[in-house]
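Dropping the structure in here first, questions after.
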Amino acid sequence: MNRNEIEKLLTGIRDGSKSVEEVLDVLHDFPFTDLGFAKIDNHREIRTGFPEIVYCAGKTTEQVIGIFRLMAEKKNNVIGTRAGREMFEAVSGVFSRAVYYPEARIISIPLHEMKKPDTAIAVITAGTSDIPVAEEAAVTAELLGNDVVRIYDAGVAGIHRLVDKLPEIRKCRVIIVIAGMEGALASVVGGLVSKPVIAVPTSVGYGASFGGISALLAMLTSCSSGVTVVNIDNGFGAGFSASMINQMK
Amino acid sequence: MNRNEIEKLLTGIRDGSKSVEEVLDVLHDFPFTDLGFAKIDNHREIRTGFPEIVYCAGKTTEQVIGIFRLMAEKKNNVIGTRAGREMFEAVSGVFSRAVYYPEARIISIPLHEMKKPDTAIAVITAGTSDIPVAEEAAVTAELLGNDVVRIYDAGVAGIHRLVDKLPEIRKCRVIIVIAGMEGALASVVGGLVSKPVIAVPTSVGYGASFGGISALLAMLTSCSSGVTVVNIDNGFGAGFSASMINQMK
Amino acid sequence: MNRNEIEKLLTGIRDGSKSVEEVLDVLHDFPFTDLGFAKIDNHREIRTGFPEIVYCAGKTTEQVIGIFRLMAEKKNNVIGTRAGREMFEAVSGVFSRAVYYPEARIISIPLHEMKKPDTAIAVITAGTSDIPVAEEAAVTAELLGNDVVRIYDAGVAGIHRLVDKLPEIRKCRVIIVIAGMEGALASVVGGLVSKPVIAVPTSVGYGASFGGISALLAMLTSCSSGVTVVNIDNGFGAGFSASMINQMK
Amino acid sequence: MNRNEIEKLLTGIRDGSKSVEEVLDVLHDFPFTDLGFAKIDNHREIRTGFPEIVYCAGKTTEQVIGIFRLMAEKKNNVIGTRAGREMFEAVSGVFSRAVYYPEARIISIPLHEMKKPDTAIAVITAGTSDIPVAEEAAVTAELLGNDVVRIYDAGVAGIHRLVDKLPEIRKCRVIIVIAGMEGALASVVGGLVSKPVIAVPTSVGYGASFGGISALLAMLTSCSSGVTVVNIDNGFGAGFSASMINQMK
Amino acid sequence: MNRNEIEKLLTGIRDGSKSVEEVLDVLHDFPFTDLGFAKIDNHREIRTGFPEIVYCAGKTTEQVIGIFRLMAEKKNNVIGTRAGREMFEAVSGVFSRAVYYPEARIISIPLHEMKKPDTAIAVITAGTSDIPVAEEAAVTAELLGNDVVRIYDAGVAGIHRLVDKLPEIRKCRVIIVIAGMEGALASVVGGLVSKPVIAVPTSVGYGASFGGISALLAMLTSCSSGVTVVNIDNGFGAGFSASMINQMK
Amino acid sequence: MNRNEIEKLLTGIRDGSKSVEEVLDVLHDFPFTDLGFAKIDNHREIRTGFPEIVYCAGKTTEQVIGIFRLMAEKKNNVIGTRAGREMFEAVSGVFSRAVYYPEARIISIPLHEMKKPDTAIAVITAGTSDIPVAEEAAVTAELLGNDVVRIYDAGVAGIHRLVDKLPEIRKCRVIIVIAGMEGALASVVGGLVSKPVIAVPTSVGYGASFGGISALLAMLTSCSSGVTVVNIDNGFGAGFSASMINQMK
Amino acid sequence: MNRNEIEKLLTGIRDGSKSVEEVLDVLHDFPFTDLGFAKIDNHREIRTGFPEIVYCAGKTTEQVIGIFRLMAEKKNNVIGTRAGREMFEAVSGVFSRAVYYPEARIISIPLHEMKKPDTAIAVITAGTSDIPVAEEAAVTAELLGNDVVRIYDAGVAGIHRLVDKLPEIRKCRVIIVIAGMEGALASVVGGLVSKPVIAVPTSVGYGASFGGISALLAMLTSCSSGVTVVNIDNGFGAGFSASMINQMK
Amino acid sequence: MNRNEIEKLLTGIRDGSKSVEEVLDVLHDFPFTDLGFAKIDNHREIRTGFPEIVYCAGKTTEQVIGIFRLMAEKKNNVIGTRAGREMFEAVSGVFSRAVYYPEARIISIPLHEMKKPDTAIAVITAGTSDIPVAEEAAVTAELLGNDVVRIYDAGVAGIHRLVDKLPEIRKCRVIIVIAGMEGALASVVGGLVSKPVIAVPTSVGYGASFGGISALLAMLTSCSSGVTVVNIDNGFGAGFSASMINQMK
């Protein structure tokens, strides 16, 4: 509700077409998220057509379906992350258009096409075990309306595999680097390419990998500029941030 | 050295204007950083006019001045981070144009003007003690050619201070959030604004702040989407990444 | 045994109704918990009518039933926390009045009504996955004789949901804030409301949540005054402390 | 601004005493903190007479004096915590009524008397080295208008010292327990007294004390109910929370 | 082989009853463990009648039975710790005298009586969940030939339970204190009793207990003198050390 | 106050030499530490002649001198640990008999001779840098009335140095092993000698020693039986516990 | 592609046997790994006959078989580590020569004999539970063409077992020491033998072993020179590095 | 003392030139380190001419000079590590041939020339701040008789600097990689070169470098084979191990 709309309401009082009580109730009840005055809004609502996202882990099937139903009513695309196959099966019983990405563990309910920017997002992994996290990032980015270039298993132990792909990587606007173990790939990519790098440590590894802590610390202390980091295994977060940057005008 | 240049060399052999030996030596000796074929280059070199950046901590005054001299010869602007006042004084004895930003602990040797994008970067801190890190981020971003909107001391303990500034923040293209202690500000900003947020944990605090670890963990686990994180107190890294995003075309 | 009772004993010696030996034995043997002199007592015993509480995890069904039996004999209400459904089924075979709260994982054996104070306790969660811990807190508080206002899924990623509920929250006397991930909600609530806030970090989250450590650290380092913290997932402890404060006279 | 006030404004439009523009501007400009509609306010402002508190560590003398000046103008008592003697000396040059509590490292500028509740707060320490943190808690509580009972050096290695003081402790409404090393005192007090216990771990100790972590963990995992915890060395936080509880009606 | 035996060998050379070669071979080949000269021996062998102890976890049933067989041949009592019931069943198929202590998870093969010292070892636990570790300590101590006084569930949340037992505890020569959570019991016992206290942290607890780390740290930093600590859940180690001290002459 | 004394009081009532009121007051007021009945006493008091010990770190000179004065009045030997030379100089101005052990950082005020047991305590260090902690242990043990055998710089990198000393070590009744870095010496000694071993990790080392944590963990997880552990650098604690064991009858 | 080959190409242009385009394409397309000029190669390819190694954990059966097929085509021996029996069964369905080492969890496809150096590698474990990691190291070393001397269960708690084997150990060229718990064996072996020692911490142990961290820290801080360390449980890494050293000329 | 020498002694008895007592005493007293029979020796002694090494940190000047004196008497070269300039000045007052390497913080007393192997050791650092640790490694290796190739400031942020040096690196027999921050250089070098890599994490960095832990973890979890790791900042250890490998025959 912008100044104009409120002005209209107030004018309604003046010209008698609206009672004070009526206006008072509108002002009191209008959803907080529309309250331009209050300087707070629920930013997601204002970009119609943009998908709604639900983190499914730790929610019951009933809760997830309930939330999906609310969202689908707004005619927005819906994305559910961290969803197991059973969750998908329950969801697809209700939403026949639901699609499942098993490696990414994402459920999508596409309700309309999305306009894509010209530039793409690169998703690079160090090893094959990092692929599930990479798929979460890549599918998220795709469902948010981006082209994705996947370059998997290009870790620094065989750095020529990465170097071979540099021209392709350099054409992308944002780069997501996904690595477990020592996470060195983020620094190497950051040193080779002048694009924002979003690093995702994965919990892949054993022993002193400590469930992703080693990769996380390595990425945070990267000596290459332009590298920022998200939580361990947070493919979704990387995909979302990369999409935000890729879709900038 | 691109395909065209190599083609010219090879043609030179064919038409006899160049000997095989000559060409062999050129191929062998050309600097690695120009080797288009080899798929590796030193990306920083290709963006002439972009400042060169030196991390001064742990380097001697002699080392820093030596590096600055090399850089200044290329006619690029030079930025030295984590530099104490003594470092600056030694540097300014050699480079009369050197400027010092004491809170940011940055030395700059501006050699030519930079073209600025239309959009700005917001730098928000939770408290006044976070200002030195914020200044490192802000001055870095400015020296890299960006306008910066500073909003300091807007922590969640008095959230109205942040809310008051939301319209101003929303006009920026990228947002840097800087906070120590529990680092909650990153999540709150991320929840209120649909822009990429780069979160910088600071070592401000005591006890269970553990020199910034609490803020770091909080930022990494932020439940707001669009938040990425850099190292504790890494104002420079945040400023650099934000600049990269802000200057995207 | 208070001064009066001991005085009676001593008078018994003086008037010959009691031998020195007899009194000596009584003084020596009376149960420690009644020893007013010794300045130590078992405080729980003195507040008749107040429920007895049993932490069931790590105890066998036999142990739990045995303890319940002892307690029920004192005619006090009994609360068993961290109890699985099988535990409840065994217990309800013995105590037909036993009630089970599955989300809170609490068994209650209500033996008499409790008098409630006029003021209520607010239980706020950041997400839906925090609800089991919240229910442990809420049910504990209710069984200890308090009214509880539940506000679930009001995390800082969508802060308007919290703001909508502020008037309701401010009417409560104590506030329990329950959050996993980055735990920012405690700081935000602490900054908005002038009431004691008891923060409960939950083990909800993944990666750098480290089973609740991130939320715990964030809550401990909260820059909002008036926030105190209990152990990770310790809904019971929060409910108990909140009840203690809410029932103050 | 409550519904009544807004109603009055709207009525003003209807009866022509106010123009639409006028009302629009009021609605737009009234300070956020008064915005009843928006459900957010700055709660500290509403309790006139209550002291304003400044965390001085990490602020320059100029910053602190500037903040004090602003606060003193509101005629409120001012408390500055974590302030060294030099800070005090600079402050007392400007505010002649400034008082310094060297052990507590607190500066106070008392501008008017505070009304005290009938009940007191107990501040108990395990050792003599915990006294500075205890004084921060005690002085904070006193400056916020509470009576404080100090019981120092009553650690569990000589538990009779604590037991001797139990009657005195039990008369208090809230208990602050301050201990470094293994922090066992919080559990022991919590087991002996039916009052809310706020535990403050201190960084006192060496080796496996790890700067207060051992005491912190012990207090968080206390098997005594009714114990909540604040940050390591956070005497102020304990004093503030205890005051909040002690002054409840 | 002691000096006397070697002397005898050398004398043999002198009187011609032994050749130099013969003696050389004996010196070279005698088992290391008997080499008095070499100043290293296998001390366990020299105390005939003392039980042999096998840590069964991580060993296969075949390995355990094999080791037991070797030991039983020496006619010593055998103790197997960390043994599940299946392990026992396999063992008892071979050794009909094998006895199983299910709570302690210990297998014993008693081959002869042990002489007991006059003094006893106290084993005290904070809670009922600590009993398995306590039983490992107690059964170990008993099988090594000590009387054990068990005092279970005497934690500091209800300190009168401990105080009631002090006379009994003070009669023992060594005290084992077993506690999870905040481990405060070790400090309290150490403060009340002038006997060596061996503290065993247990992994009992949740959240910030961190699998026994909190109790471990608390015990290591105990402000009571005379407390030493063994590994988390190491009931065996405590029982063994206590036995060593209790059997001193 | 023992049963006899109370009996005398009660008899006094019977024979009229004492009024009930008088006896009541005595029972109420006698110091807790003498309360035999109450089952709690301050055990240190009962062993007259045994030194009193003061941990000086974190105490002011005034506090330390005050405590020493109280103790000296009881005619007991006094030991002050963690005392710098300045502390000693202040103390020796008041107590002319005060002695300083600079490496051990211990002040002693010997007021009478102590009876020594026949057996000794071995104090073994891995390196020369561990000597200050060793001296704290050794001097503590000596001042508590024990003979001490010092074996320094016998770490496992040159294990023959240890083996050379085994006969001497085996004659001792208790062994204190002091080591930083990887702390392997405790396991090796524990494997070679059938005596109680008290292991003291030291903060000696760099990098992954983490201020003694590596040695601490190694000692706690020692695979040699009979090893118990005290806090990092806690020479005093080891000396005290060893003395307790060595003086057992 | 070496200088000679490129020279030949260039000469081809000169003498007309090759067109410029042809040469340009060759230069552009030759595999990166052969690009002598570019100073980067894929070193593993150049040592024909040396086994290819695949880390199987986290890969699907299909992925592993696919990779094996590629490798087998090059006629190299293949080693698959961290492979369960099911993986082996799938693999052996395709490769009839596949061999499984169950304790080492290694699959081998031997395609030709390997030439062995004269010297051997010693693999020593502290306990029997360390054997699986030891077998991974030993089998790796054997499959890479080395003789291995296995010495298992020679931990420092019974150091004579190690000393007995010293002559055998000293004949080896490299020594792998494998230990969990406190990891002291690495230091002891390093102190006794003048050969490179590669230490492998194992996750064997409980409590303060923290899944191998204690052993890892102990090995890193070993006071014996010549000890280097690999990741927890990384038998393969130790075997590979030892092989590299053992096969040096 | 070898078999021959003992044989001579025994023969002396037989032919009467030695008494039994005499031989007994020799056998008993000969230094452990020479006892070939006893299977333990002090290996360093046997390689005459090899330098003796003293870790100077935590030793007093007197201790260091005393140890140096003992060593110099054996006519061996002496190396003192972690020695400050003051230490050197004191030492050079006594040993006029003493040489100081200030960056390496090493004192050397060269008493005779060392024979060098044909192969060299490469020492590579990521940044200029890693140079002191690198110099400790390089000087150690040189003083132990090796040629060293220094390649400094070749971190992965500008990977071409490393690639330029690959031919030079590949000629070396062992490679030491020294890096702080994220330590990625070890993995990259390990992936490019088929030689044993000894990785040294340095404490260079800030924030989430945690004094070298991030680099340490990254190196331990390196996905490149052939990488082993030493303690943080342990240049000496790396130089020593590299020397051991380089001097293998």
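First chain written, first letter: the chains are A, B, C, D, E, F, G and H, and each begins at residue 1.
Just so we're on the same page, contacts are C-beta pairs under 8 Å (C-beta built on N, C-alpha and C of every residue); 3 or more make two chains touch, one makes a residue touch a chain.
Computed from a predicted structure; not experimentally measured.
Chemist: In the chain contact graph, what is the shortest path length, in steps, from chain B to chain H?
Modeler: 1
Chemist: If we look at chain A and chain F, which chains touch each of them?
Modeler: C, D, G, H
Chemist: Over half of the interface residue numbers used by both chain E and chain G, so same, or under half, so different?
Modeler: Copies use mostly different positions to touch.
Chemist: So the centre of each chain is just the mean of its C-alpha atoms; given that, what is the distance between chain D and chain E in Å?
Modeler: Chain D and chain E have C-alpha centres separated by 51 Å.
Chemist: Based only on mean CA positions, could you tell me how far chain D sits from chain F in angstrom?
Modeler: 40
Chemist: What are the residues of chain G that contact at least two other chains?
Modeler: Answer for chain G, listing residues that touch two or more other chains: 32, 38-40, 44, 127, 158-159, 163-164, 192, 207-209, 216, 220-221, 225, 231-232.
Chemist: Between which chains is there touch?
Modeler: A-B, A-C, A-D, A-G, A-H, B-C, B-D, B-G, B-H, C-D, C-E, C-F, D-E, D-F, E-F, E-G, E-H, F-G, F-H, G-H
Chemist: List the residues on chain G that touch chain F in their complex, please.
Modeler: Counting only chain G, the residues touching chain F are 126-127, 155-159, 181-184, 186-188, 190-192, 205, 207-210, 213-215, 217-225.
Chemist: Would you mind writing out the residues of chain H in touch with chain E in their complex?
Modeler: Going through chain H, the ones touching chain E are 3, 6-7, 10-11, 13-14, 16, 20, 23-24, 27-28, 32, 35, 37-40.
Chemist: Flag every residue of chain D that touches chain B in the complex, lowest number first.
Modeler: 32-33, 40-42, 44, 57-59, 63, 201, 203, 211-212, 216, 231-234
Chemist: So in the complex, the part of chain E that touches chain C is made up of which residues?
Modeler: By the definition above, chain E touches chain C via 127-129, 158-160, 163-164, 204, 206-209.
Chemist: So in the complex, the part of chain E that touches chain F is made up of which residues?
Modeler: It is residues 38-40, 43-44, 47, 53, 163-164, 166-167, 173, 192-196, 198, 216, 220-221, 225-232, 236-238, 240-241, 244-245, 248 of chain E that touch chain F.
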